[in-house]
Amino acid sequence: MGIFLVSVPVIAVLMFILFKNSRIQHIISLVASSLSIIIAVYLTRNVMLFHSVSYSAWGGIFYIDYLSIIVLDIVLLISLIVSIYSIGYMETEIKHGKIDRSRLSLYYILMYSFIFTMVLALTVKNMGIMWIAIEGTTLSSAFLVGFYNDKCSLEAAWKYVIICSVGIAIAMLGIIFLHLSSIGVLESQQFLDWTALYDNAKSLKSPIVKLAFIFILIGFGTKTGLAPMHTWLPDAHSQAPSPISALLSGVLLNSAMYGIIRAVAIVNRNLGSSIYTGRLLIALGILSIFTAAICILAQKDYKRLLAYSSIEHMGIIAVGIGIFTPLSIFGALLHMINHSLTKSMLFLTSGNILQKYDTKQISKIKGALKLLPVSGIVFLLGLFAIAGMPPFSVFASEFNIIVSIFVAKRFFVGSAFILLLAIIFAGIAVNLFKIFYGNNQEEDLQRGETNIPGTVAIVVLLVVITITGLFIPNELKDLITQAQNIIIGM
Amino acid sequence: MEVGLATNLFKAAILFYLLGAAVALILINRHKLCNIISNAIYSVASALLIVSSIIKIISGSGQINISLFESPIPFITMNIRIDNLSAIFLLALSLLVLCVSLYSMGYISHYYGKRNVGIFNFLYSTFILSMIFVFTSANVVFFYIAWELMSMLSYFLVIFESEHEGNQRAGIIYIIMTYVGTAFLLIGFMLIYSYTNSFDIFGSSAAIPEFAKNIIFIMFLIGFATKAGAIPFHVWLPQAHPAAPSNVSALMSGIMIKTAIYGFVRFVLCYLGIQNTWWGVLILCIGIVSAVLGVAYALMEHNIKRLLAYSSVENIGIILIGLGVCFIAFAQENLLLGEMALVAALFHTFNHTLFKGGLFLGAGAIQYSTHTKDMEKLGGLIKTMPITALFILCFSLAVSAIVPFNGFVSEWLTYQSLFANIVSGQAGLNILSILAVAALGFAGAMAAACFVKLFGISFLGLPRSDHSLNAKEVPITMKIGMGMLATLCFAIGLFPLLILKLIDKVVFSLMGSSILEQLHGGCGIAYYSLNLSSGSISPAVMLIAIAGVILLALLGIRIIGGKYIERKYGTWDCGFEALNSRMQYTATGFSKPIKIVFKILFRPSRETVVTGDLAYHPESIEYITADESIIEKYIYNPVCERIKYFSRRMTFGVQTGSIHSYLTYIFVTVLLLMLYNMIA
Amino acid sequence: MSNFFDTLSVLILFSSFILMANKMTKSYIKTFRIQSMLLALAVGSMAIKSIIEEGRFDVLVVCLLIIILKVIYIPNLLNKAYAKAEYKVEKDFILNIPILVLVCCGLVVFCYFCLSTIDGINDGVINVQVVNSISVILIGLFFMISRKKAIGQIIGFLVIENGIFITAMFSTQGMPFIVDMGIFIDMLTAVMILGIMVFKINEEFDSIDIDKLNNLKG
Amino acid sequence: MKILLYIVIQLFVIMMVAPLLNGIIKKIKALSQKRKGAPIFQMYFDLYKLCKKSSVVSDVSSWVFKVTPYIVFATAIAAALLVPVSTMIAPEQLPGDIIMFVSILALGRFFMMIAALDTASTFGGMGSSREALISSLTEPSILVSLFTVGLISKSTSLLQIMNVMKDKGVPLVHPVYIMIFFALLTIIIAETSRIPVDDPSTHLELTMVHEAMILEYSGRHLALMEYGAAIKQLTFITLLVNILIPHDQLIALTGISAVMLSLTIYLIKVIGVCIIIAIAEVSTVKLKLFSIPNLAALSFILSVLGFLQYFVLGGRYV
């Protein structure tokens, strides 16, 4: 079944290559993503029944447990919504003549290979292959970032590939050291297998593990967008087509963060304390939030602003993991989910705004609430949500993380954290709120939504994040709690 | 049994508000119907809430507990606990909401067809609900959620007329200030939790060390002072309150900023307990500054609603003076004085809710019939809108602390508590208290001037523009809304014990002893405290005296001078024939002397623009005066500029666009972390 | 045997010094080719060793792949990509060449100090190979920083790859086979994608000067 | 019973004496200018005449205009009722204290100010705006000084204060009271619109404040206004003399004769203060509006100094 999960995108890619008719391609993508959702649901059930799912195929490298299933579900859910959204979006782009119809299949091919690499990264237990998959995500999304083939997007793509590849290469170095530290502890068929590494973490060579960790942190941190390795992120997110931005920000960052979490779990178990990793993670996390705050204050481009806000939230998750108490891990995982949903909603909405106004400049946009009755409201509420206003879901997880920081008696970190969040909200309010009101100068824009299905999907997302702010199903809670136990090691 | 009744009434009220919200959304396209029905529902709900809270207070110091729901997410639990303190604030809230809702039936009618009344009423009711929950939440998380919701919803209401640039700016300043303030609150709550491991508002703070309590107090001070709009955290208030529709401004200025007072009493006084005298001193100082500066800036405004907003700052200052004395007294274990100061503060809170709400409704009425908020365009409205004029006169007298209206009684209590706070032996405090007395006096006189200006310029004299010339009296429902408030102000002014008894019960249930024995004598108030016995007043008697004298005067003059003969004639114009409305004193002119005397506060600037080349016959001469608040000029604007500059520099310094610098970051990070690894 | 590997690692390190000291685009590629040859030599000898000792042939395959890809294919690809590039000599660096080389020496020393304390790398006698190969990685990264043209970036990236590869080889006698394969595939695609992008950039900006790519800031 | 008696006597004394003072002051001024001047009782005649006259009402004005004179008059009287002319006739409890006293006067002033704006005349606006300035300048010092004496006698009730002061004998020897005395004197000059703050005997628009506000009034309304002003003035003087120069402790007699004696002494004191005021008027010139703050500041500083003298620095009192 897991094999199907991995193979669905591959098959989809092949079919895209075969069928050139765009309508058929839309259908294929819908079918593929909904199929993978169904499989994901099935897998989730299995995981909840048997605690983990693994397959003998390909030397048994496929292994899914609570942690990976959470991230996996996020990936597939977002990709379903994105594929729904993409139909309307791409059609409009073609109508506006931004791209010609022939590139549609390229879009889908790249998008599904992107999804494939992410699914692969989350379903294998061999760190080497996970690394390969994550490098794969860079390569497959490179041309998506540069999809419009203009100066800016090419530049963004170039920076994206170079910086991420270098970072990932450093991560590889870390993995090699992890491998080195495990030589003599594991026998050869379970080399680099993180379940094995985790089980025997106590007997690994700590000095090398520590060395390995810093390289892994830098490497995957680059992909996660932790400052100061975040520099590729605003460019890529702002230049990619909006659905892809949603995928990048809502999904890719989480997959990279997943790698870090795995490493942290092993290292902390090996060292027997979270001080070593905690210092680094909290430092990088706060630094990311700070950088995001500063940049958001001075931002003129709304997609870049959203991108910086992603950096901020990755920082928050990093801090949560750095604290490394059950509560903070719970908060971090919950925050992963909430941030993915909220942020991808925002990026998709920004896609609608972009298509309506045909500019990324905040100053050129006025009266979004009038022109886009649905998207406008969703975007406004979404901004409140991403800033952590109750009753939206981001608030709940942020609150958990903040509480855990203070319970860990790290008062200065906590206060800085809260104040920085306030500054970020201020930045968003100052820069972005003005797009909603007033009347836009050029009158030729007519009122109303393009891309109805996409808008419906967005509204669904909004409803979801509003409800989950106050209430989450117990199954999800168990899932997260189990994952947290896996990380903490109980 | 009574408590049970109160509980059920409370639940019913909540359900009614929800119902109203639902109705507003259902009838979203039938503007008139939607407005009438939902406002009727809100009025009913408020009536229920009034009864419920009164029953609650009278029925003694028990508590109403309602558990709403428990979320699977950690800490997200919502349960309600109403004690007398919550109840008195609920009473104020519901009284105001009742009047405002009646008023809105008429007031909103000018939105029909233009704006989305359904959304408005939905926001309106949810806003009220959020405030109710702020007053009644039993755990910090729920309080925080309600607090944030209150800010967000009120923000939406502030920018409801969002097509004006000014309103957008006001909304942004408001939401930012309140969010940052709340961040400080959150830090405070978190510190509390980190020591006590509980979010229970009614829990004990024994586990918190002294030092931490001071920090927490500072955090709360910043947070709540921001919401209260006390100087120097007030900048949002004169922006946001005028921007909102008037019935919302009435709610915001009348009760929303009081949530901060509730917060002070609930969290600092009841939860933390007063540790040091300097807490009270700090609050007292803030109060003094707010009272003086607030009214001073109010006097300079000629936009009615901005004037009222600044006057809210002043009244918050007066309330804070009361609170400050209360805190000082409790810090020195002077229970009786502390309780009286608390009574004074709560009573003034209550009164301010009534008359400031009324004033904003009045401003709304003016705007409704003249379509302007600018005094310079008004005048002579007393002829076209006599009833409204009468009501606004009452509110003006009340807010200027003049007998026989309610404002006077609470200020009297504040004076008395300051009076009692002065005992020989504590030099610093004495000086502070006497300064507070002086400040109160100054504020009182300035407030009187301020509202003479408001009433005199906009209602008396000749109409200064067509706006006021063709004004019409407002619909009956609006009059009812204002009238009820005016009546309340007058009644409470005459028989203060009506409310004082309730407030005394509140204080009794908080502090365990009552000062009702000191507040004796039918409708008079007298206060005797520790070895000093000071005066007693009786507004009613004074009123009777005044009335008697007036009758006597009428009688006497009738006897001496015979029948009253009156000749109508033009105003004295020094023989210059064509006296016109532009020759009246303007609002600006009225406050000019004070502006000049207190230059230091207003930084007045003026310029004369002469167009046309002819030296002696210019085409036009334009005379522009401006003044700006020193707080903005010297604190907020520079800071904002710095932040903006810094952030832009940083942003372009970090995100340079050159891939080499990006790679350098990674490179340096690698080296640093390797060093860290070597050291750690 | 280990002396032999030490010598090789030193040579590889030295080759990256040469790379850093270079100005000519062509000689970048040459130097990289030489480095890859050295790498192949190391891996090859290791392969022979492993065949003799354990009868594993996968290392040999890896060695062949290196020869095919890194020694032959990629250099040719790069040469083609730069055949029509308008410039042959790189003029401006962030620092001048001698200082760059000195900085590289500093990097080696730094690595030595940072790693020598770690037991596992320093069990009794310090594992020179690991130190050298990590220095190679850092130098590769530094090379990317120091060169302004796109080719500098690609070469630097490849040098980093080499560094990682020999680290893997020297420290752990080779990663699991499948991982090696994956790495190769990734590297190949990466280089191809970069090549394509270089073409596109050349069209859009009519130059491959990376410094022209600075529209996205703030 | 006693309260009724009090009201009757108090009203009688106040209403009889109040107009007299203006006469006296005017007389003294005239004599000092080598004029004969109007008879002392001139103001009674004026009031009588005004009552008989019909009144001209501006057609712009509203009911506020006509109500105001009665309210001003009534508030003046009501305020006067709070300041007993002699402690002998006073009941135990009065329905108001310092703060009530100030607030009652504020009521009258409020109406006077809006009435001035009611007629749309420039003078009125000018007058009320200046009145606003002056009142807000004097309010703090009047409160501080009254509070100081109140604190010394541990009460804010004027009657109480007078009683305590009475027991202190002749308090003026103590520095505190001297300062309070002069502070209050300055306030009286400002409040009763006398030179150097205001010139009651001019209609020059540059100088007038109080006159500008009642400029539109005529007939019985004017009478009430003038009478109210006179009563207010007397009330302030009573406040001053009965608090700071108590005399009842000197009277050994009891019964009606004592009251008579006390009242006569009271009259003498009042006239004495009038003479001081008159001398001040003749010996100074009217300040320009923007120098009034200095005067107010002076009186404020005096009152605060008095407070400091007593409460912070010393703490001992006679």
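The chains carry the letters A, B, C and D, assigned in the order they are written, with residues numbered from 1 in each.
One rule holds for everything that comes next: contacts are C-beta pairs under 8 Å (C-beta built on N, C-alpha and C of every residue); 3 or more make two chains touch, one makes a residue touch a chain.
Everything numeric in this text was worked out from a predicted model, so none of it was measured.
Trainee: State the pair with the higher C-beta contact count; candidates are B-C and A-B.
Mentor: Spelling it out, more C-beta pairs touch across A-B than across the other pair.
Trainee: Comparing centres built from CA atoms, which chain ends up most distant from chain A?
Mentor: Of all the other chains, the one whose centre lies farthest from chain A is D.
Trainee: Just the number, please: Cα centre separation of chain B and chain C in whole Å.
Mentor: 69
Trainee: How big is the gap, in whole Å, between where the Cα atoms of chain A centre and where those of chain B centre?
Mentor: Their C-alpha centroids are separated by 45 Å.
Trainee: So the centre of each chain is just the mean of its C-alpha atoms; given that, what is the distance between chain A and chain C in Å?
Mentor: Taking the mean C-alpha position of each chain, the two centres sit 31 Å apart.
Trainee: With centres defined as the mean C-alpha position, give me the chain C-chain D separation in Å.
Mentor: Centres of chain C and chain D (C-alpha means) sit 99 Å apart.
Trainee: Got the chain C residues that touch at least 2 other chains?
Mentor: 117, 141, 144, 153, 210, 213-216, 218
Trainee: Counting only residues that touch at least 2 other chains, which ones in chain A make the list?
Mentor: In chain A, the residues touching two or more other chains are 158-159, 162, 166, 170, 211, 234, 295, 298-299.
Trainee: Got the chain B residues that touch at least 2 other chains?
Mentor: 648, 651-652, 655, 659, 663, 666, 670, 674, 677, in rising order.
Trainee: Would you please name all pairs of chains that touch?
Mentor: Applying the touch rule to all chain pairs gives A-B, A-C, B-C, B-D.
Trainee: Would you pull the chain C residues touching chain A in the complex into a rising list?
Mentor: 115, 117-121, 134, 137, 141, 144, 150, 153, 157, 160-161, 164, 167-168, 171-172, 175-176, 178-179, 182-183, 185-186, 189-190, 193-194, 197, 200-201, 204-205, 210, 213-216, 218
Trainee: Quick check on the complex: what are the chain D residues that touch chain B?
Mentor: Contacts found on chain D: 48, 51-62, 64, 70-71, 73-75, 77-78, 81, 93, 95-100, 102-104, 106-107, 109-110, 113-114, 116-126, 128-130, 132-133, 135-144, 147-148, 150-151, 154-158, 160, 215-216, 219-220, 223-224, 289-290, 293, 300, 304, 307-308, 311-312, 315.
Trainee: Which positions of chain B touch chain D when the two form their complex?
Mentor: For chain B paired with chain D, touching residues are 379-380, 382-383, 396-397, 400-403, 408, 411-412, 415-416, 419, 422, 424-425, 427, 430-431, 434, 437-442, 444-446, 448-449, 451-453, 455-457, 460-462, 524, 531-539, 541-542, 545-547, 549-550, 553-554, 557, 560-562, 564-573, 579, 581, 583-585, 589-594, 596-597.
Trainee: Using the touch rule from the top, collect the residues of chain A that touch chain B in their complex.
Mentor: 158-159, 162-163, 166-167, 170, 210-211, 214-215, 217-218, 222, 228-229, 231-232, 234, 276, 279-280, 291, 294-295, 297-299, 327, 330, 334, 369, 384, 387, 389-391, 395-396, 399-400, 402-403, 405-407, 409, 411, 414-415, 418-419, 421-423, 425-427, 429-430, 433-434, 436-439, 470-474, 477
Trainee: Write out the stretch or stretches of chain A touching chain C in their complex.
Mentor: My answer: residues 59, 126, 128-129, 131-132, 135-136, 139, 142-143, 146, 149-152, 154-159, 161-162, 165-166, 169-170, 172-173, 176-177, 179-181, 183, 188, 191-192, 205, 207-208, 211, 234-235, 238-239, 295, 298-300, 304.
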